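Next come two complexes, and both contain subunit A; in the first it sits with subunit B, in the second with subunit C.
And now, the complex of A and B:
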């Protein structure tokens, strides 16, 4: 193992852990803020550290502090197997976290003739890993529901379990159709397949190649994450809070955070399998590296424009109404943040100028391409997390029998048909 | 079937409705529009950004914090008759009466305290007062303190509160 390989492995593991864990407070905040703005409210925007509110994201950290400092309370009827009661939310959380670790954040980087994966776990069988580990999460839910010795918890857990069975099948079958199409179980190879075009002008993304399979995959992943409109296992109108009724403090927070990690993982899987992963549409990695100069020029033009509009937007919105007198702390925050953004833009511009003028900065170019792809990945990830949030605050919850109906009587036959057609087309083409 | 019965056709059974996806698309369009509009201009959200913005829609009938009114010569209107303390459902008014020597009346309170932590702001004291001496027209809706004692308003503090709806002095004791 060379030094470069070790560095890349450490960096991509850190990146995976960071993207999964640091995304939790951001997503909790995004959910609350998004819900507010969708419903014409404002959402949490007051908590600050030294006047810096960052739009209110500090609230999530304050919440974590509150949950950690809360009393460790156990219901008195939980007498034996308390360790399993504590372990249950951890299983859910860790399963969601581990499932995220096989997502490629950028294409394989070639350093000194050696191709290195930008994956937290550099494995070739990402799809199998995701299906296996992703399904473990429901075991934590089941343990929690069963050990709570509570009817509501048990009902919630059994709902989660039966829903897992009814949605794991269409999920597996639609993934199988994708595996047949891409001819690989490696996520990175799937993304590489999607960087071409179909019919000459459409990007060869999964949603274009396999529209039905993509829709089934997205629906099944919504059910897999236990989120609205499939959140029957915690339907508060019928069964209080489902499997987490008896959980408090950090044990509850584990379930709560596990849900957001699962949502993040599901978005990552959706964009990797269906929406071209870390690739820009129509642009493959080789094209990026060969024509890096033109892309660098494009970024050099686009980035200041984007930053300008972001700063403009921030000054407009990081303030109370103009008619109201305030103490100027928001203006100060906006000023500091805009200075930081301008400095970052300048640094990026300088690096890009150097890279596009240097003659044979092969390593620098490929690292820059890697960073660009990571940025594209994170942007797509945030868009899909926002989509998850938008769905939650738009759609009402399905009734439990409707959920089962949809899974068994519609999605399962549709995914079977989809698999059949895919197999015929693939065999016919080859 | 009577002639006044109107049969409404049942909706939601067509293929388009059973497909769910068009309806989901329509719903998402609405919520997305709200999201984008509010992100683009968060000050257009019709929310009172409270500490910076104060409410402007407090009406004359709003029962704010209490005050003790004055006569036209700026002396206390209260005659310490204990009507308010008797009417009070939460027993939060504490009055100690003393003799009044300036010839206006026979009695006045030496202590008139309202425990606002006990008070339910029902306004019965205002209704009960025969001298128009206690009122709730200050428009004050927020009271802040660091200890429980800070919330027990004493006589002089209650006399300092101003009415904000035009009527300053007592209408019954001139």
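And now, the complex of A and C:
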């Protein structure tokens, strides 16, 4: 292993861990603000550290402190196997975290003739890994609900288990159709396939090539994350809180965080398989590296404009109502943040000027392309997380029989038909 | 050295989990032992760099079989009081182990004798592509027969599970 390979491995592992773990507070905050948006209120926006609110995201860290300091309460009827009772949420959380680790954040970077993967776990069987590890997560839910020794938890656990079993089939079959289309089980090869065009003008994303399969995949992944509208396993109106009724403090937080990590992973899988992953539409990595000069010029023009509008927006919104006397902390926050943004823009501009004027900056160009792709990936990831949140607060929860009906009567036959058509078309074309 | 120690740890988990399934009278521990044994088995496949079997083991055995058996247990509401009395369980297990031990010895001898007669594996022999290619070129008839068998089993299960009036 060369030094570059070791550095890239450490960087991509850190990136994967950060994207999975640091996304949790951001997503919790986004969820509450999104709920506020839909219910015509504000959501948490006042917690601050020294006047810095960051739109209220500090609230999530306050929540973490609360959950850590809470009393570890055990119901008196949970006497034996308490260790398994504690272990159950950890299984769910770790499974969700591990499943995220095979997502490519950028295309393979070539350093000194060596192609290195930008994945936390550089494996070549990404889809299978996601399906396998994702299936283990429900076992934690099952043990938790079972060991709670209470009918509501037991019902929630068996609902989660049976829903997982029934949605695993359409999920697997739609993934199979994608595997046949892309001719690979490697996430990175899938993204590389999607960077071309179909019919000459559309980006060859999964949703264009395989619309039916893409819709089935998205629905099945929604069910896999146990989120609304598929949250029958924790339906408050029927079974209290389902499998996590008896859980408190950090044990509850493990389930809670596991849900957000699973949601983040599901969005990452959706964008990687269906929406072109880290790739800009119409632009493949080779094109990006060859014509980097033009892309750099475009970024140099667009970035100051975007930053200007963001600062404008921030000054407009980061203010108290006119009738309330301000203590000046919000103006101070806006000022500091805008200085930070302007400095960052200047640094990026200088780097881009250097790269676009330098003659043989191959390594610098490929690293810049990698960073650009990571930024595109994170933006797409956030858009899909927002989609998950909007769906949760827009649609009502399905009844349990409706969930099973949808899975077995509609999604399974549709995904089988989709698989047949895909196989026939692929064999016919080749 | 590292490989051997990982193998030893995984085998300990495998045997421990299997014994937990056999010996414990707590249904929760049985289920957990089942899960541990299946995951340790997957680890053994991973140690052989057989990525396909490793993932299939987790996906099917840990993901589907364990979950399905857990669903069955919770559906019939199995309690400790409902289990049959087994007063001489340990004695029976020891006696049957003694009876089976010559066969285990035979299997051990055979495996240690035969293993040099097989072809050396090449790099990447355990990937999905290679296994799929083998399955659909040299082993296509057994594969199809197996799928017909599974289809028959599935049809039979559906017929049994159907309501009487619909037949």
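Assume the second predicted complex is superposed on the first by the 428 of 430 C-alpha atoms of A that agree within 3 Å, B and C clash if a C-alpha of one lies under 4 Å from a C-alpha of the other, contacts with A are read in each partner's own complex, and residues count from 1 in each chain.
In this text, a contact is a pair of C-beta atoms (placed from the backbone, for glycine too) under 8 Å apart; a residue touches a chain by one contact, two chains touch by 3 or more.
Because the structure is a prediction, the values reported are computed rather than measured.
When both complexes are superposed on subunit A, subunit B and subunit C fit side by side without a clash.
Contact with neither subunit B nor subunit C is seen for A:16 once the two complexes are overlaid on the shared chain.
By the touch criterion stated above, A:44 is placed in contact with neither subunit B nor subunit C. In the superposition on chain A, contact of A:203 is made with neither subunit B nor subunit C. By the touch criterion defined above, A:122 lies against neither subunit B nor subunit C after alignment on the C-alpha atoms of chain A. In the superposed model, A:277 lies in contact with neither subunit B nor subunit C. Aligning the two complexes via chain A yields an angle of 120° at the C-alpha centre of subunit A, spanning the centres of subunit B and subunit C, rounded to a multiple of 10. Legend: residue contacts after superposition of the two complexes on their common chain; A:168 is shown touching subunit C, with no touch to subunit B. Within the superposed three-chain model, A:147 lies in touch with subunit C and out of touch with subunit B [touch as defined at top]. Once the two complexes are laid over each other on the shared chain, residue contacts for A:319 go to subunit B alone; subunit C is not touched. For the pair subunit B and subunit C, the least inter-chain C-alpha distance in the overlaid model is 26 Å.
Here subunit A touches subunit C in the complex through residues 80-81, 84, 123-125, 128-129, 131-133, 135-136, 138-139, 142-143, 146-147, 154, 157-158, 161-162, 164-165, 168, 185, going by the rule given at the top.
Put simply, subunit B touches subunit A in their complex at residues 21, 24, 27-28, 30-32, 34-35, 38-43, 45-47, 49, 52-53. Within the complex formed with subunit A, the subunit C residues making contact are 26, 28-29, 31-32, 35, 51-52, 55-56, 58-59, 62-64, 66-68, 70-71, 74-75, 127-128. Only residues 34, 37-42, 215, 313, 316-317, 319-322, 324-326, 390-391, 393-395 of subunit A touch subunit B when the two sit together in their complex.
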